[in-house]
Structures are given as C-alpha cells and as structure tokens.
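Once you scroll down, you'll see the structures, which are given as structure tokens.
The two complexes that follow have chain A in common; it is paired with chain B in the first and with chain C in the second.
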Partner chain A sequence: MMNRNFKIYLGVGLMALYCLFPIYFLVLYSFEPSEAAYHSPPVFYPIAFTFSNYTGVFKSIPLARYALNSIIVATSATFLTLLFGSMAAYGVSVLKFRGRDLFLNSLILLGFFPAATMIFPIYKMFSDINLLNNYLALILPYTVGGLPLTTWVMATYFENIPKDLLDAASVDGLSIGGTYAKIMIPLSLPALSTVAILDFIAFWNEFIYALTFMPDSNMRTVTVGISLISGRFTYQYPWGQIIAAALMVTIPLVIMVFVAQEKIISGLTAGAVKG
Partner chain B sequence: MWKVFRKEEVKFAYWLLIPTLVVLILIIAYPIVDTFYLSLHRYYLTRPHFRPFIGFKNYLYFLQDEEFWASIKRTLYFMSVSVALELVFGILIALLLMQKVKGMGLLKTLIILPWAVPTIVNGAIWKWIYNADYGALNGLLYRLGIISKYKAWLADPFTALNFVIIADIWHTTPFVIIVMLAALTTVPDSLYEAAKIDGAGAVRRFFSVTLPLLTPAILVALVIRTVEAFRVFDIIYVITRGGPANGTQVIAYQAYLETFSYLHLGKGSALSFIISIFIMVLAVIYIKLLYNKVEY
Partner chain C sequence: MSAKTKFLLIFLLPSLIFLGIFTYYPIFISVKYSLTRYNMLSPKPVFIGIQNYIKLFKNPVFWQVLKNNIIYGLGVIPTTMLLALFFAILINETKRFKALFELGLFYPLLIPMTAAAMIWVFMYDPDLGIIDKFLGLFGIPNIGWLGDARYSLLALIIMAIWKNVGYFMLIYLAGLQNIPDYLYEEATIEGAGWLKKHLYVTWPLIGPTNIFVFIISIIQSFKVFTQVYLMTEGGPGYSSNVLIYYTYEHAFKFWNIGMASALTTIMILFLLLLVLIIFGVFEKRITYSVG
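What follows is the complex of A and B.
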C-alpha cells in the first residue's frame, strides 16, 4: 500500500512540477529587479528582494483603472450570459418544439465561428454605431461568445431535473415563469456557478477583442494594459513590472479556482458531461 | 415533455429564447453576413471606395495558394498534436487525482492553476523560458549537462511550432482534467470493486471500466478543444507572431494578417469563411458522434 501511494505521489508530484515551474519563475522574478530576467545563466533562486516592481507598475500604467474596466466587463458579461443562457435553456427544455435540436445545434455552430476573423466586421459595426470605447463593445461580444456553451450545459442540466418536481409545481399553481424563478434556478445553482466561473475566466483573460474594440487608453482591460507595458529601450523592457502586474491580475482567478474547484467539477458532472 | 403547462404558458417559453436570439443576430449573424458580402469583393482598405464584385475569386485564390495550404497543414498539426497530448495527459492526471490520498485537494488546485493564467501572460512566460540568451530552458538544460551550448529554440520554424504547442498544452490540459474529473466522480466505486473481484488488473480495469464510462466526457473535451485549437490565435500572436519564416503561421493568424497587416479585407473575409467551413465540418462530425454515443 505504501508503495502504491509513493508512485501516485511521484506521478502527481512530477505533474505539479511541470505545472508550477513557470509560475515559480513568475513569482520569483516579480520580486527581483528587472535586470534579473536578463541574467545569463538565468537565476533559479532569489538573490535581491524588492517590492519595486509592484509599486512601479502603478506608476507605469493605471492598473487600478484597467482592473476596474475588466471587473465591469467580465462581471456584466457573465451576468448576461447566465441570464440569457438559462432563460433560453429553460425555454428549450420546456418547449420541445420542432426545430429544438436545430436551435441548440445552430447555437453551438455559431459559437464555433472563429473570433479572430470576426474582429473586423464587429469593429466596423461598432464604429458605425459609435459603440467603440463603450463597455458594451466588449460585454456584448463576450456574452455571445459565452452563450453557446452556457446554454448547452444549462439545457442538459435542466433536463436531468426530475419531472415530478415540476408536475408538483404546476399542481401548486406555479406559472411557467414562477417555476423558472422558484424551482429551476435554485436547483441549478451548482451548474450556474460552474458556467459562471468558466465564463468569467474566459472573459477576464480575453485579449484580441479588448485590444481592438477599446482603442482609448483609459478603457483598456488588464490583459491589454499589461501587454502594452514597455520600456524606453529594448533592454529596459520592464519585465519585473510586467510579471508583477500579471500576477496581481491572475490572483483573483486563482482564488476563484481554489475556492470553487469542487463546485466546478460537481456542476459539470450534472451538466454536459453526463449528457 | 411537461404537458401540465397550459398552451399560453408554452407560448411564454418562446419569449425566453428572444434575448439570446437578439444578441446572437446582432453580434454574430450580422457580422457573418457582412463578412460574406465582403468576401465576394476585391476590397483593399487602402482604396475603400474601389470595391468591385468579383464573385468567388477570393476563395479560388486561397485554394490555389501554397501559403494557405501550408497554414492549413500547420494548423492541423498544431490541432492534432496538442489535442491528443492534452487528452492523454488530462485523463492520466485526472485518474491520479482521483486516488484517495492525503493532500490531494491541494495538488488538484495546483495542477488546475495554469488554466487561470491569462493566455497573454502564459505566452510571455514561455517566450522568456525559451529565450536564446537568458531563458530558463537553456539555463536548466545547460546546468544538467543535456546541452553544451545555448540554443535558439524559436529560430527553427518547425521547432518553434512544437514549442508553442508545449506552451499551449501547459495552459489547456487543466481544462481537460476538470472535464475528466467531473466524469470520473460519477463512476461508482462499486464498479471498480466488482472488476477487482473479477480479477481484472489495473490496465484491464482502465480499458474495460474507466475508458468506456469516460467516452462521453472525452468527446465533449475533444469537440471543445479541437475547435479551439483549430482557430488558435492568441498564443501564436504573443510568442512568435507567426514566425520564424512563417513556421507558426496558423490559419487564423493568416486571416488576421490578411485583414490587419495587408489590409485585404476581401481576402481576409474569404479566409474567415474557409476556416469556418473547416470548423463546421469538424463540428458536424463530432455532433453526430456525440448524439450517437452520449445517450446511454
């Protein structure tokens, strides 16, 4: 038994090493002066220790403002995705109308249209209706991007909710809307929180739309803001500041994953994966 | 399904679909139609008012273009290698994480961590790790005596593509792990016990108990990951910008270049459609597979 445990620990330990060693460098170099990143041979352990990257980055870019932009965009888009997605999923699972599978399948197919190639047409449209540099310019495309998977997971989840519960609700005189608000939503909280986290992380990390649809420097999101930090000369590239900023914007997501990983897994279990 | 609802209430359910339909039509359907319209024209941003209709010439141009087929080949290579390795690693790691030993919760979180790292940050880390002069990979391999002098890992086109794949695997395997863990938690322990009593070894148990039960989850992960890998863009943009010598220029990156660097909007749009057609074909095949297999 001891032997078996040892093998498991060894296997998982190696994997954890592969997963963690890039993150180790991130953390290490965020506390080193920027020159440390250009040491040859590279430094594998701390030498100098400084907070200057963490303080300096706030002078280089308005990181707090970017974080606010990201929070507004990612939170609103997640909320809209969940609201619209769960409504559509409920409609689809109640209706059993002709073309129901067509609706779900076309939704999934639309979600497969490559984002990188949608940039120009959406940009042109937003520029025509003066929506560039508006939070909606990201919230709307993100919502659309999140809807296919969200609707799909929610629809599968709803169909697994026992029918008796809904019959009982109907006998109790609950309307179809009341059933949605008072029964379906509370029952599907695990699945909802799963897709909420999946969507939020995707929206928070999105790059190319944020780069293109928010040309105003005050409206940048954190991912774009970090990618645009630059020094005056090549070898003054403020690597330390970039990773300090990168770590700061990743930490909220890491905490989310840490707190919610069991939930993510159990939510998916009842949803799409089970089919 | 639920006949208990009155007819007018079912009508109400149609209204539930409306918000989704409206945003979809606004943000996807309209641009798709617009893209299609542009793809039928010769349209250079440098001459926005000269926009003759040329039918499907932009499409024919790409079908005869060597660069296009080279991009497709690279994309298919990127897709098959990264998805295959992600699935194998994802399944193996998930199986390891299901073992009931102390400290597994913490390990689970650590292993899922890379998934939360934004793609552009992920790209920046790996770009630095691979750096020819001061990168960690050179430093590590040199110190271990595996290489005798520092190498420029991203200088050779094919090597560069493989190294981008390694960075992508690091970033996305955790997603596969999560999907697999989700499926594995639904497998009742009693199934394994029964197989054990029947005298099945670990390998046998994997192939005759675990793998069949995982098939739906594998298909789900396969669909999502293949489609994402086929239209991979961010990580290429950050690490190599398609270089060296176009060695990492995948198809979505070529479409981006056509539109934003060469300002050939007509060609860029045609390329978007060609990519979408490839993806649709993949998707239809997968959905067929999913609907056949998932219903158990």
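What follows is the complex of A and C.
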C-alpha cells in the first residue's frame, strides 16, 4: 500500500510541477533584474531582488488607467448580463410558453459561436454610429456574450425552486414582476454570484473585441495594454516588466479565487452530465 | 394581450434585442457582404455573387489554414482529455493537499490569454527561453519554436494543452464523484490492479463526461485567436494561421471585407452544422446545473 500511495503522490507532484512551475518561474523573474533572463544555464532560484520591474510597468504603460477601463467595462457588463439573463431565465422557466425550447436552444447555440466571427460587422456598426472608443462598445457585446451561460444556468436554477413558493406569492397578491424581484432574485443569490464571477473573469480576460473596438490608447483594457509592452525584437523585450505586468493583471482574479474557489469550481463544472 | 403575455415580453425583450443587434444582424451583414466585392480598391460594396467563395476554395492558403485548424484540434483535444482525466483520477485518490493541487491546475485557466501568450513567447525564445535551455541540458540543439515553420503550430498546441488541462480536470473530477465506490471495491476484490480498475470501471462510466468535454473542446479549438495574434501572427508563412486569425487579417490588415465576410459565413455555417449534429446526437445526455 505504501508503494501505491507513493506512486500517486509522485504523479500528483509531477502534475503540480507542470502547472505551478511556470508560475514559480514568473514570480521569480518578476523580482529579478531583466539581465536574469540572459543567464545560461537558467536561474531557478532568487539571486537578486528588485521591485524595478513593477515600478517600470507604470512608466511604460498607464496601467492604472487600463485597470480602471477594465473595471468599468467588466463590472457594467457583468451587471447587465445578470439582469437581462436572469429576466430571460425567469421568463423561460416560470412562465411556460410555446417556443420556449426554441428560445433556450437558440441561445445556447449562439453561446458556442466564437465572438470573433462577429467582429467585423460589429466594428462596422460601431464605427458608423461613432461608438468606437466608448465604454459601451465593449459593455454591450460583452453583455451579449455572457447571456447564453447566464440564462442557461439561471433557468436551470429557477426550475428547481419549489412551485408552492410561487403559488403562495401569487396568493399574497404579488405580481409576476414582484415575484421576480422579491422572491426569485433573493432565493437565487448563490447561483447569481457564481455566474457573476465567471462572467467577470471572462470579460476581464477578453482580448479581440477590446483590441479592435478601443483603438484609442487611453481606452485600452489591461489585457490589451500588457500586450503593448514590447521592443522591436524579442531580445529587446523588457521581459521583467512584461512578466510583472502579466502577474499584476491576474491579481483581481486570484483574489476572487481565494474568496470563492468553491463557487468558481462549481460554476465551471456546471455542465453536469446525465448517464 | 393578457397580463402574463405582457410580462413575458418585457422579460424576454432585452435579451432578444441584444441578440438581434449583436448576433442575428451581424450574421445577416456577413452573408450580405460575402456576396460583394468590397475592399480598398472598391470601397463601396458591389454585388458579385459567389465569386468570393470560388476564389477562396481555389486558394491553397485557405485549405492550409483549414488544415491547421484541424491539426490544432487533433493535437490539443485527445491529449488534453487524457491528461485531464489522468490528473482528475490522481487528485481524486489523494487525501492531502487536494485544494492546493486543484488551485495549481486551475491557475493557468485564470491567467488572461494575453498574459499567458507573452509568458510563453518568453519561454519559447531560442536564446532566452527556458524550454530550449532545458532541452539544451540534454544536448538537444535550440529549436526556436515560434520562428520555425515546422514547430510553430506545435508550440501553440503545447501551450493550449497547458492552459486547458485544469478546466477539464475539474469537470472530470465532478464526473468521478458520480461513480459509486462499491464498483471499485468489487474490482479490487476481483483482483484488479490500479490500471485495470480504471480501464474497466472508470473509463466506461466517465463516458458522458467525455462527450461533454469533447464537445466543448471542439468548439474551443475553433475559437483560437489571441495566442496566434500575439505569438506567431499566423507564421512563419502560413504555418500557424487558423480560420479566425485568417478572417481577422482579411478584415483589418488587408481591408478585404468581401473576403472576410465570406470566411465568416463559412465559419458560421460550419459551426452551426457542428453544433446541430452534436445537439442531435447528444441532446438527451446533456443537462446543466449548478451545485
């Protein structure tokens, strides 16, 4: 038995190494002067210690401004997608109507379409109505991008809320809108917060829309912003800064993981499958 | 109109309007422009029928790009699935540090693709990169991954596996919880070793999860863009160009909107077909729930 346990731990150890090594390596290099990258053989342990990469990032790009843009866009889009998604889910799951399967299935279907396929038509539309470089240029399409998952998850959640509760609400004289706001939403806070986290992460990390719809340098989001720290050729890249910036943009997400790891995992594995 | 119908409309309307503007209308626009000559030399769209499509099908680059997409999928999907299942089984059998291991596999998933791409550019660098330096310790000469047409697509595949394994591992881990313990106990009593136990109990019973992961992977493999844009720009040559990047190039680099729209239309039709087949075959088996 000892022998078997040992094998399992060896396997798990290798796997952790595979996943964590790149991260260890990054954190290490983010505190090393840029010359560290030129060491041969490579350095696997700290030799010098400096914050200059982190401070340097703020000199190379307006990271604080980018972070503000990202926060505005991701928060607004998360709010809108939760609002509209939960409304649609309520419509689909509680108010039975003909064509509900068609509505839900076409929504799910669209969820599978890569956002990038729609990029030119949306770009054209935004440039025609002068909406490029406006926060709305990202908030609106992100909201659409979040709708399929949000609606799907919320509809399933609503269907598991006991019907007696809804009957009681209508006996008490609550309207359909009142039931949604006063009963459904408070009851589904766990599911809502899970979806909110997943949506936020997706919006925070989005690249192709942010790159295309926000050409103005002041309007960039962090994910696009960090891709701009570079030199003409790779050997001129400020590697220390790139790595420090890459680590910094994941901070909000890492905090979320620490606060709500269980929620995120349950959300990501939401595609439960019947045997 | 009854009060109920009115409410129904109000609740569904925002989603419908959003989908209409940002999904249905763009699809319509793509199909429309795909039938026109609309580029730098012809700044107003001129109807030319299906000429864009004919030109595309006659262009060997288009077929290479399509082939790259398929190679990318074939390279990423089975490897990621097997690794993820293997890791999930290992984690499931581990008692201590479970959360730490989960987090370790999970982190690559959280990193924005931009950040991950920059990091891997650094790791793949022939002079500075850790990967070639590491291989050098075994006497393997520098490969120069991203700059070599033979290895650029492979480099993207390896990175995608690294980034996706954690997600699928979590899904498999959830799937493993549904396999009853007594089956493993019986298998052990029958004298099955570790490998046999998982071959005859886990593998058949994890089937539905496999299907789910497989579907997500196929669709994901067509979404690949950011890493191509940042790491290889589809090159060297067309060696790592994929459909979405190729479309993006036509729209925003060559400003050939007609051709970009034809590519978009082809991709939409293709994905629609794929999703319909998947739904037709597996619909009854997939449900969605949050714990």
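In the analysis below, the second predicted complex is superposed on the first by the 245 of 275 C-alpha atoms of A that agree within 3 Å, B and C clash if a C-alpha of one lies under 4 Å from a C-alpha of the other, contacts with A are read in each partner's own complex, and residues count from 1 in each chain.
One rule holds in what follows: a residue touches a chain if its C-beta (ideal position, glycine included) is under 8 Å from a C-beta of that chain, and two chains touch if they have at least 3 such contacts.
Remember, it's a predicted structure, so these values are computed and weren't measured experimentally.
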Chain C versus chain B on the shared chain A, clash or fit after superposition: clash
Partner chain in contact with A:191 - chain B first, chain C second, else both or neither: second
Contacts of A:118 with chain B and chain C, given as first, second, both or neither: both
Touched partner set for A:170, first chain B, second chain C, both or neither: first
Which of chain B and chain C A:157 touches, first, second, both or neither: second
Partner chain in contact with A:203 - chain B first, chain C second, else both or neither: neither
First (chain B), second (chain C), both or neither touched by A:93: first
Partner chain(s) touched by A:246 [first = chain B, second = chain C, both, neither]: both
Doubly contacted chain A residues - partners chain C and chain B: 8-9, 11-12, 15-16, 18-20, 22-23, 25-26, 37-38, 40-42, 83-85, 87-88, 90-92, 95, 97, 103, 105, 107, 109-110, 112-114, 116-122, 124-125, 140-141, 143-144, 147, 151, 175-177, 180, 201, 204-205, 207-208, 223, 226-227, 239, 242-243, 246, 249-250, 253-254, 257, 261, 265-269, 272-275
Chain B residues touching chain A - in the complex, by the definition given at the top: 1-2, 4-5, 9-10, 12-17, 19-20, 23-24, 26-32, 34-35, 38, 89, 93, 96-97, 99, 101, 104, 107-122, 124-126, 128-129, 133-136, 138-140, 142-143, 150, 170, 174, 178-179, 181-183, 185-186, 216-217, 220, 224, 227, 230-231, 233-234, 237-238, 252-253, 255-256, 259-260, 265, 268-269, 271-272, 275-276, 279-280, 283, 287, 290, 294-296
Chain A residues within the chain B interface of the complex: 5, 8-9, 11-12, 15-16, 18-20, 22-23, 25-26, 37-42, 44, 80, 83-85, 87-88, 90-97, 103, 105, 107-110, 112-122, 124-125, 140-141, 143-144, 147, 149, 151, 163, 166-167, 170-171, 175-177, 180, 201, 204-205, 207-208, 223, 226-227, 239, 242-243, 246, 249-250, 253-254, 256-258, 261, 264-269, 272-275
Touch list for chain C against partner chain A, complex: 3-4, 7-8, 10-12, 14-15, 18-19, 21-23, 25-27, 29-30, 86-87, 90-91, 93-94, 97, 99-119, 121-123, 125, 127-128, 130, 133-134, 136-137, 162, 165-167, 170-171, 173-175, 178, 194, 205, 208-209, 211-212, 216, 219, 222-223, 225-226, 229-230, 244, 247-248, 251-252, 257, 260-261, 264, 267-268, 271-272, 275, 279, 284-291
Residue numbers on chain A that touch chain C, as the complex places them: 4, 7-9, 11-12, 15-16, 18-20, 22-23, 25-26, 37-38, 40-42, 83-85, 87-88, 90-92, 95, 97, 103, 105, 107, 109-110, 112-114, 116-125, 140-141, 143-144, 147, 151-153, 156-157, 160, 175-177, 180, 190-191, 194-195, 201, 204-205, 207-208, 211-212, 222-224, 226-227, 234-235, 237, 239, 242-243, 245-247, 249-250, 253-254, 257, 261, 265-275
